[in-house]
Amino acid sequence: MDLTHFDEEGRARMVDVSDKAETARMAIARGKITVKPETFERIRSGLIAKGDVLAVAQVAGIMAAKQTSQIIPMCHPLMITGAKLSFNLVEPDEVNIEAIVKVNGKTGIEMEALTAVSVAALTIYDMCKAMDKTMTIGDIYLVEKSGGKSGHYRSS
Amino acid sequence: MDLTHFDEEGRARMVDVSDKAETARMAIARGKITVKPETFERIRSGLIAKGDVLAVAQVAGIMAAKQTSQIIPMCHPLMITGAKLSFNLVEPDEVNIEAIVKVNGKTGIEMEALTAVSVAALTIYDMCKAMDKTMTIGDIYLVEKSGGKSGHYRSS
Amino acid sequence: MDLTHFDEEGRARMVDVSDKAETARMAIARGKITVKPETFERIRSGLIAKGDVLAVAQVAGIMAAKQTSQIIPMCHPLMITGAKLSFNLVEPDEVNIEAIVKVNGKTGIEMEALTAVSVAALTIYDMCKAMDKTMTIGDIYLVEKSGGKSGHYRSS
Amino acid sequence: MDLTHFDEEGRARMVDVSDKAETARMAIARGKITVKPETFERIRSGLIAKGDVLAVAQVAGIMAAKQTSQIIPMCHPLMITGAKLSFNLVEPDEVNIEAIVKVNGKTGIEMEALTAVSVAALTIYDMCKAMDKTMTIGDIYLVEKSGGKSGHYRSS
Amino acid sequence: MDLTHFDEEGRARMVDVSDKAETARMAIARGKITVKPETFERIRSGLIAKGDVLAVAQVAGIMAAKQTSQIIPMCHPLMITGAKLSFNLVEPDEVNIEAIVKVNGKTGIEMEALTAVSVAALTIYDMCKAMDKTMTIGDIYLVEKSGGKSGHYRSS
Amino acid sequence: MDLTHFDEEGRARMVDVSDKAETARMAIARGKITVKPETFERIRSGLIAKGDVLAVAQVAGIMAAKQTSQIIPMCHPLMITGAKLSFNLVEPDEVNIEAIVKVNGKTGIEMEALTAVSVAALTIYDMCKAMDKTMTIGDIYLVEKSGGKSGHYRSS
């Protein structure tokens, strides 16, 4: 299959989806940030006390989902109808991030979900970087998507 | 050490750097996207023909570096004085991304470098997703930073 | 009634409106800025001469209406189909602002109207602040909204 | 005194501050949102449980402070060096908002503080509007500013 | 015919298109930048080697098309369904730019096409300005538009 | 001279200006939009009555100057210290636009001036397009610049 983002001359373009039908679409993406155990404890305690790194990361992720088409050059603008981020703390050093995004649109919404996860991870990094410079963001992938002609996809 | 992004009541704030000196600062971040071998070949051939996924990713990464403080909630605005992205294709399936960002400022520029790498990876994902849904973005970390009171850091 | 912006774990999310029908929606918001009488006169004369504070405030308010979903974290993106701001000067010291915004969408447009009024007031403040530091912005509220399942609302 | 935002022909411009010295500047603004007592209780309980309206409003306010020069037409871009929002719940129905913003710059930072307060109030409105349409945002004013040639100002 | 962007009081507004039908719309705009012959050669060689001014201009133009309603005050937000920029090098000194933009919407998309062309030209200027300060951007006009009640237009 | 926006591998980058001195810089750009004589009359009468196309264009141009580094990919962020747009109506069909922009910075500000002129012209187009589809934007060029190592430039 060809890369649909290039035209016949090989130049980048925004793929023409004018004739595609609007369907209900959903995408789930995941990623994680690995931190020092002491950073992990600090983030976890924030869930209990008021200093809540994850609350800020969540807002950042949702706002980023809405800005995806302005961050990713060939990405179509879409009017997101729902976005939700959740975090799962896995001892001793991992914060797992999951984003679910929905839209009724002519094209898939996986970039919005992946961008939300990435920006949430970057925000966690930013808020913890004074105490930990060794954090690593990784394993960002598409878990599931539905809607559109290509149908349902689920990562194996 | 405490998380400096929280005030005494535990609420998030933008850390006060008013009294810090402006110094020449630099940060290098790296990350990668792992793709199917056939996607890898297609990206590589784009380097030769005109259909150049990496050229678009590079523009996206540099533009994202400039928007970092609008994407990451507690990140200070900084007037970047230089930004450069480079790609390294590692057979059979990895695209490595490196960003070098510079500023004369009161606070570090690592978030700009990490954001540039993340957005470049997301852009590669976006441009290849029609042919490959299994791509994974990962290993995003700070390689090196210099400038400011905390001095030089290099990941081991 | 619960706060719909929070999920079952109490975390913020963008409410899922995927299954709501698109209806014609309208919202009217009002607010005012109270200024010194001499500032009031200067603004009023601007309506006659070319130095027109309100013309700038009007453009600012309309542009802000279009950016609402990027300013308010959990606000859905909406494609506004019409926006109009008007001003009413009430002697000796009040500038009243009214915004009417329309959309065909799945969710209400009151935030766009309220944001337009707020930004118009802030713009008046900005343009007059060299001569008046005592201005107060206030009484920003929803006057009326229509469309959607909850039906017509009019403030009493 | 003339409105400095207009040139000799009466047209709007961004005031030329090229020759002003950079000084340490600070501004404090306040505002409030008046809600139904039941909404007030719900916001207050959010401070204890995880559903925290004010945490989202705080992030929104800080991000808005950074975007002020893109929202207010004639406002100069400034590189904020610190921003902090705090909330004070006054029984039975008021949420008071205070923003402190700092910069080293050629021009005052009061618009950033006022914009932060306004957007925090709008965000509270957005997150509570499903249960309360009668909320009113008001009493937004400059409490204090320092720095620059005009010196210290404190509202009486 | 009256200028529809003004209301009965002569103030600017965003025209109300709520009752217009959504139709498939397309617009084509063109423009050019005239450069020194040596700059022309350098841009042309970029098409062959990797230093590709036009690749950057193309990304900039497409991203600008998506931001049009945030740049042009009274312009309606539209969800572009396709955008394509192409360049035509005319010896000895002209780079011609053409943008085709598509949408299913209630209002025309000519501003998006014209903005894409303008920003592509500005980007070429930016990337060549170190070697050429005499470049001129010009002849930006609407070539063709279709869709909507006013029907097909083609510049003569 | 080489195109400084490309690195040794021919890839685009943001030129490193870290070691350049901050100097007072100024740039003047001009451009024009040619319209039908009847459109010209309508714009001119707007200067007298309240329906003022040029007032909206002026706000748009100044706001665009502040966003230049987010619109033009390789353009450095700069904190503009002054911006002014003026219009000159030349019978029977030309609106001339001039932008003067100032900054204390490490790199020139011509892109900000050129972008302000371009966006002002696009805004005039947008506001008149219901009555005139034949307008042409052109002759956008750098009139003068000062500051920096390359010294004073004035177009001949």
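Going in written order, the chains are labelled A, B, C, D, E and F, and every chain counts its residues from 1.
Everything below uses one rule, namely that a residue touches a chain if its C-beta (ideal position, glycine included) is under 8 Å from a C-beta of that chain, and two chains touch if they have at least 3 such contacts.
Since the structure is predicted, the reported quantities are computational estimates derived from the model, not experimental observations.
Participant: Common contacts of chain B and chain E?
Facilitator: A, F
Participant: How many links in the shortest chain of touching chains run from chain A to chain D?
Facilitator: So the least number of steps between the two chains is 1.
Participant: The D-F interface: which of B-E, A-D or A-E repeats it, judged by over half of the contact pairs being the same residue numbers?
Facilitator: A-E
Participant: Tell me, please, which chain's centre (mean of its C-alpha atoms) is farthest from the centre of chain E?
Facilitator: D
Participant: Going by average Cα coordinates, which chain is farthest removed from chain F?
Facilitator: If we average the C-alpha coordinates per chain, A ends up farthest from chain F.
Participant: What whole-number Å value describes the gap between the mean CA coordinates of chain D and chain E?
Facilitator: For chain D versus chain E, the centre distance works out to 36 Å.
Participant: Rounded to the nearest whole Å, what is the centre-to-centre distance of chain C and chain F, using the mean of the C-alpha atoms as each centre?
Facilitator: Chain centroid spacing, chain C to chain F, equals 30 Å.
Participant: Taking the mean of the CA coordinates per chain, how far is chain B from chain D in Å?
Facilitator: It comes to 31 Å between the two C-alpha centres.
Participant: Chain A: which residues touch two or more other chains?
Facilitator: Within chain A, the residues that touch at least two other chains are 9, 11-12, 50, 52, 55-56, 59-60, 63, 67, 73-74, 79.
Participant: If you go through all the chains, which pairs of them touch?
Facilitator: Between chains, contact exists in these pairs: A-B, A-C, A-D, A-E, B-D, B-E, B-F, C-D, C-E, C-F, D-F, E-F.
Participant: So in the complex, which bits of chain E are touching chain C?
Facilitator: 7, 9, 11-18, 20, 69-70, 73-74, 76-79, 105-106
Participant: Where on chain C does chain E make contact in their complex?
Facilitator: 24, 54-55, 58-59, 62-63, 65-67, 79-86, 102-104
Participant: Looking at the complex, which residues from chain D come into contact with chain C?
Facilitator: Against chain C, the touching part of chain D is residues 1-6, 9-12, 31, 42, 46, 49-53, 55-56, 59-60, 63-64, 67, 71-75, 108, 110-111, 114-115, 118-119, 121-123, 125-131, 133-142, 145, 153, 155.
Participant: Given the complex with chain D, which residues does chain A contribute to the contact?
Facilitator: Those in contact with chain D are residues 47, 50, 52, 55-56, 59-60, 63.
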